[in-house]
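You will see subunit A twice below: alongside subunit B first, and alongside subunit C after that.
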Partner chain A sequence: MSEIILTPKEQPQVPLEAPNIKPDVFAGKTIDEIKEVEINYGNDTVKLSDFFDVEGTPGETAGEIKIIIDGDVSNTKRIGQQMTAGEILVKGNVSMYVGLEMEGGKITVQGDATVWAGQNMRGGELEIMGDAGDYVGSSYRGDWRGMNGGLITIHGDVGYEIAEYMGGGKIVVKGNADHMPGVHMSNGVLIIEGNVTSRTGGEMSGGTIVVKGVIGQFLAGFKYWGVEKNIQVDGEDIPGVFYKFTGDNAIKGANGTVYVAVAGNKHVAPE
Partner chain B sequence: MELVNNVVCPFCGTLCDDIICKVENDEIVGTYNACIIGHSKFVHTEGAMRYKKPLLRKNGEFVEISYEEAIDKAAQILVDAKRPLMYGWSCTECSAQEVGMELAEEVRAVVDNTASVCHGPSLLAVHDTGYPVCTLGEVKNRADVVVYWGCNPFHAHPRHLSRHSYARGFFRERGRADRTIIVVDPRKSDTSKLADIHLQLDYNNDYELVDAMRAALKGHEILYEEVAGIPRDDIVGAVEALKKAQFGILFFGMGITHSLGKHRNIDTAIMMVQELNQFAKWTLIPMRGHYNVNGFNQVCTWESGYPFCVDFATGTPRYNPGETGSNDLLQNKEADAMMVIASDPGAHFPQNALHTMAEIPVIAIEPHRTPTTEMANLIIPPAIVGMEAEGTAYRMDGVPLRMKKVVESDLLSDKEILEKILEKAQELKASK
Partner chain C sequence: MERIIKNGVVYCPLNGINGEKMDISIKDGKIVESVSDDAEVFDASGQIVMPGAVEVHAHIAGAKVNVGRMMRPEDSKKDAEGTVEATHRRAGSGFSVPSTHMTGYRYAQMGYTTAMEAAMPPLLARHTHEELQAIPILDHAAFPLFGNNWFVMDYLGEGDIDSCAAYISWLLRATKGYAIKIVNPCGTEAWGWGGNVHGIHDTAPHFKVTPAEMIKGMAEVNEKLRLPHSIHLHCNDLGHPGNYETTIESFEVPKGIKVNPATGSRDTVVHGTHVQYHSYAGTSWRDFESAADIVADYVNKNDHITIDIGQVTLDETTTMTADGPMEYDLHSLNGLKWANCDVEMETGSGVVPFIYSAKAPVPAVQWAIGMELSLLVKDPAKICLTTDSPNAGPFTRYPRIFAWLMSNQYREDMLENKLHKWAQKRSSIATIDREFSFYEIAQATRGTPAKVLGLSDFKGHLGAGADADVAVYNMNPDTIDPSSDYMAIEQGFQKASMVFKDGELTVKDGEVVNAGLKGKTFWADTQVEQNSYNAVLKEVERQFVKYYSIGFKNYPVEDEYIAKSAPIKGVML
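And then the complex of A and B:
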């Protein structure tokens, strides 16, 4: 196993973009070569070593490389973009698009992420110990095929429109979600352990959403099926008592499923 | 006194093309046919202060400089910046916008127009769902059911109602009497007073209402007895009225594009319009504000593939409103220089964005004194398009119209100013 440690020098006001910070790019390179790897600074191209100290033991293949970012990169975007193997550990906060289009390997962020974490994710694992922003596991603007594989776990809260156009894979949110989780979702599993503000599963055509907390307001386009106990989702047993809905019938032929915990959610079940 | 006929009004997206200007000593002194807002623009309302010379802020005070110096300075600011933002564009003509796109690419800027704070959500929804539009002429001649959702044309587009929904048309010989007008608005407005049906929904519940309407349209029972504060039966009744149309049109404005959910409200509304076509001919038109806001979205799309919020930082156009919108760049403090043209963010952007504007160099290409020019480091005054310079603008329904030059001006046009900045920027970059 090779460990390559990147220590941020400073995070400039104009953001950095570093899709090249991933095991796939570092594989087969010496530490000196890694220092020369290009990153973007606004509309300029600079060297990785302009903004990071680089040390550690290089590795031959992506799968054996673990990149440790030892500090805050809250103004660096696109870390781990399209990575296929290996590991990235960020010991601080990250900026937008962490794990964008990732296909394999694992990214762990010990702090918070901002918007578009795991956009169009295809595989692998993305774990964020803090909060993430809007559009976790969403699609690219205008794309109606979003995340279709892999696992995203957010331990904190998330913002608007997570799992937008999700077509596969799994997202688990331990905290709360704001409006429209699973909007336009067509497949896959979204589990929210906290509360949801409103519009769960808006325009969803397939897939499953489980909300264990309290929903502020639910959509009238769904059909109500009654109460179910101890449900099974994606081969996993989820204990508890849930209201079951299918829809969103605003969409023709929709067959998405939304389970909402009975506790605290009497207002979403029609009388 | 001379009368100039068939002038196109350079104010709102209605883009009225029947204005007559009264001209005396090379100055517009009056108008026929224009509404009060359009008229005020033509005759320079009292109190408006016009710039005649470029101004540079030195030690806090503006000093007059030549066009040449101003253009050098502007090019220098843009070339030096790492994340320049070029914002505005909605009150100028398409060929100036075209040069602006070239300049943005040259200096690797982010280029964005006022759609980003008005119908940007509509543009986002259009990517996801499509755009079943028609022209205003078709509305006048054919529409028998007219829906105004979250808009108040009575005040925002003053001649819209008389020209398009009250007017007699080929198949609507009695004008207003041949049409059903439905207003969806949480407020009572002067437009809602004219409506046959007013759905007075709860604030920020547009998405909930459309969701219920779409489910009803497909024959499903609406889950709750009341949605968005409107009883189930009234929602079903409204859906029936939409289905019975011969030719339906949905006009929509800021009341739905900027209520909770933004582009998702428009996405579901557009899909409802598409689905209504199984029962009747249905179309939609966004009520665009600035007279050529649509034109910029057209130009930007044919130049870069995206309608607004285009980021040229890497040399390849990229697009992601939320990251590359002007307010995103300003509020996240990413932008390190800004050029404003043909708009007034100083008056319309939130405080957080203005804080950044106050800290970075701002170039304003602007004919009048505005809150933006108050914050600017450099002001370059252009001739006003549609009065002192000609060019093309796109009406809200996508019909391009030729704007006239009615009177002469000594000032350079937006296009000429941008061409000179572009030339200078190319020179500076070549010598870098």
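And then the complex of A and C:
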């Protein structure tokens, strides 16, 4: 196992874009070569070593490389973009698009992420210990084909429209979600352990959403099926008592499922 | 400034030049017989030289193109490039609906130097011209939409050709428009009431006029005004199985009207556009099949018509048309996002993304129908190659279409390995082994479009007096075999080795090197009898006060909008 440690120098005012910070690019390179890897600083192309100290032991293949970003990179975007193997550990916050279009391997962020974390994810694992912003695991803006594989776990809270156009894979949010989680979702699993502000699963056509906390304003397009105990979702047992709904019937032929914990949610079940 | 392009292999159909090795001389932006020894020399030995290509029908500027750009950020992601300071090239993005500058660059890179915007809502003419001005390099024109215009529908419903001619003469000047575009006549108006018309003898709600009367009346007006282009007709029932009968009936309507352009050498009275979409047999998508053979046969037997193809390129693209009801049908079919626009008393439009998947049965047959039309119409003087960009595919795919047409082997590979079996079963494409020559490609992309547009005095050929728009391709006709080297053909046409626009070197080795050039705007300038004109204008002004959202005086596109105005004269008193 190779460990390559990137220690951030002074934080830039202008954002860095660093899709090249991933094991796939570092594989087969010496430490000196890794220092030369290109990143974007505004509209300039600069070297990784302009903003990071690089040390550690290089590796031959992506799968054996673990990149440790030892500090806060809250103004660095696109870390781990399209990575296929290996590991990235960020000991701080990250900016937008962490794990964008990621296909394999694992990214762990110990701090917070901003918007578009895991956009269009295909596979692998993205874990954020803090909060994440809007559009976690969503599609590219305008596209109707979003995340279709992999696992995203957010330990804190998330913003608007997470899992937008999700077509596969799994997202687990330990905290709360804001408006419209799972909007346009067609497949996959979204589990929210905290509360949801409103409009869970708006225009969803398939897939499953589980909300364990209190659900705010719910949509009229869902059909109520009754109460189910100890449900099973995607092979996983989820203990508890849930109201079951399907919809959103605002969409023709929709067949999505929403489970909402009975506790605290009497307001969403019909009399 | 004198220049000479030496030793190229020249294809210039309008002058009957078929692969002759010769020099092309340029002086002050025009082709001339000869130049002095001081001329700057460009070597084109072993390369193909053709006139700059002419796009007869595309959607490149204006309201619905911009709606397409706005509603499809995911399309922008697929093709994007940054600024190139050295050649003044600006950044841009978009695959099926590229931004304005990129539109100019992409056309120029393929050797296109003139392009028509095929659907301009008159009320939105300013916006259309603003965008055309922002497209560099290309000479251009825009066709105002008349097929659902309330004034035209009223005049032709009453059979008042003279008033209709006066109105169209005014509107062409007011919008700096070039030709009479007719889209689903009466149908888009019916869509305002949630309906459509079916066939050419149905009337629009609240009007007393049929599509047939609209087509005939406007064809008569066209020749009365002596316009350079013929009427440009998008028939009723686009994209509906069984529509070929409507198509042929529509083409038959203007037959017999005397061709009478004031300029150019046009000898036809109707141009049928994107006919691939109008050559369908069957009664539903289940028994859908090609009727391209019947339509091609009609075109072969009649001399009053030219067509363009609307070839499906099997890409993910953005459909956009003034045919509002058809776009709603498409949205209902594929479930993707849909935009609809209504333009007051004039027209409407819709926009829907579409994926023409080779593995799906219907797109495979649509591909085959386009190929059949191109190959079964015997005389390339009757066809223009188009994709109705971006409807059947983006214009950047033209080189691939040329390669398909030039290589039976390429088509066989498509049929055997890429396309759904319906392409073979539901059309005759597998039985056609004709291959286009370079000369025929030049006809269908240069000579024919220039002639039918009425621009052949100075576009689409390399004779003395023509604009010095020249494309040079790094392919040697003596050594290349298009049948088997079809990928080289595709690459060769994608990036011209040199393109001259008005005599200036604009593209070199496939890259735009002179991005600052501005194109000319062609528009149709006509004069009709003054009394009739004044009476019509008075009525138009009254209707403006009553119905329009803008004032009559704010309607016309002022001269300041047009950087290089190039009026083409029709009838003059």
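By our rule, the second predicted complex is superposed on the first by the 271 of 271 C-alpha atoms of A that agree within 3 Å, B and C clash if a C-alpha of one lies under 4 Å from a C-alpha of the other, contacts with A are read in each partner's own complex, and residues count from 1 in each chain.
Keep this in mind: contacts are C-beta pairs under 8 Å (C-beta built on N, C-alpha and C of every residue); 3 or more make two chains touch, one makes a residue touch a chain.
If you're wondering where the values come from, they're calculated on a predicted model, not measured in any experiment.
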item: Contacts of A:142 with subunit B and subunit C, given as first, second, both or neither; value: both
item: Dominant contact partner of subunit A by residue count, subunit C or subunit B; value: B
item: Partner chain in contact with A:219 - subunit B first, subunit C second, else both or neither; value: first
item: Subunit B versus subunit C as contact partner of A:264, first or second or both or neither; value: neither
item: Which of subunit B and subunit C A:28 touches, first, second, both or neither; value: neither
item: Set intersection of subunit A contacts, subunit C complex versus subunit B complex; value: 140-142, 144
item: Subunit A residues touching subunit B - in the complex, by the definition given at the top; value: 13-15, 17, 40-44, 96, 115-116, 134-135, 140-142, 144, 161, 179-180, 183-184, 198-199, 202-203, 217-224, 247-252, 270
item: Touching residues on subunit A, where the partner in the complex is subunit C; value: 139-144
item: Residues of subunit B touching subunit A in the complex; value: 81-84, 107-109, 124, 127-128, 207-208, 210-212, 214-215, 218, 220-225, 227, 260-261, 264, 267-268, 271, 275, 312-314, 319-323, 332-334, 336
item: Parts of subunit C lying in touch with subunit A, wherever the complex brings them together; value: 71-75, 77, 336-337
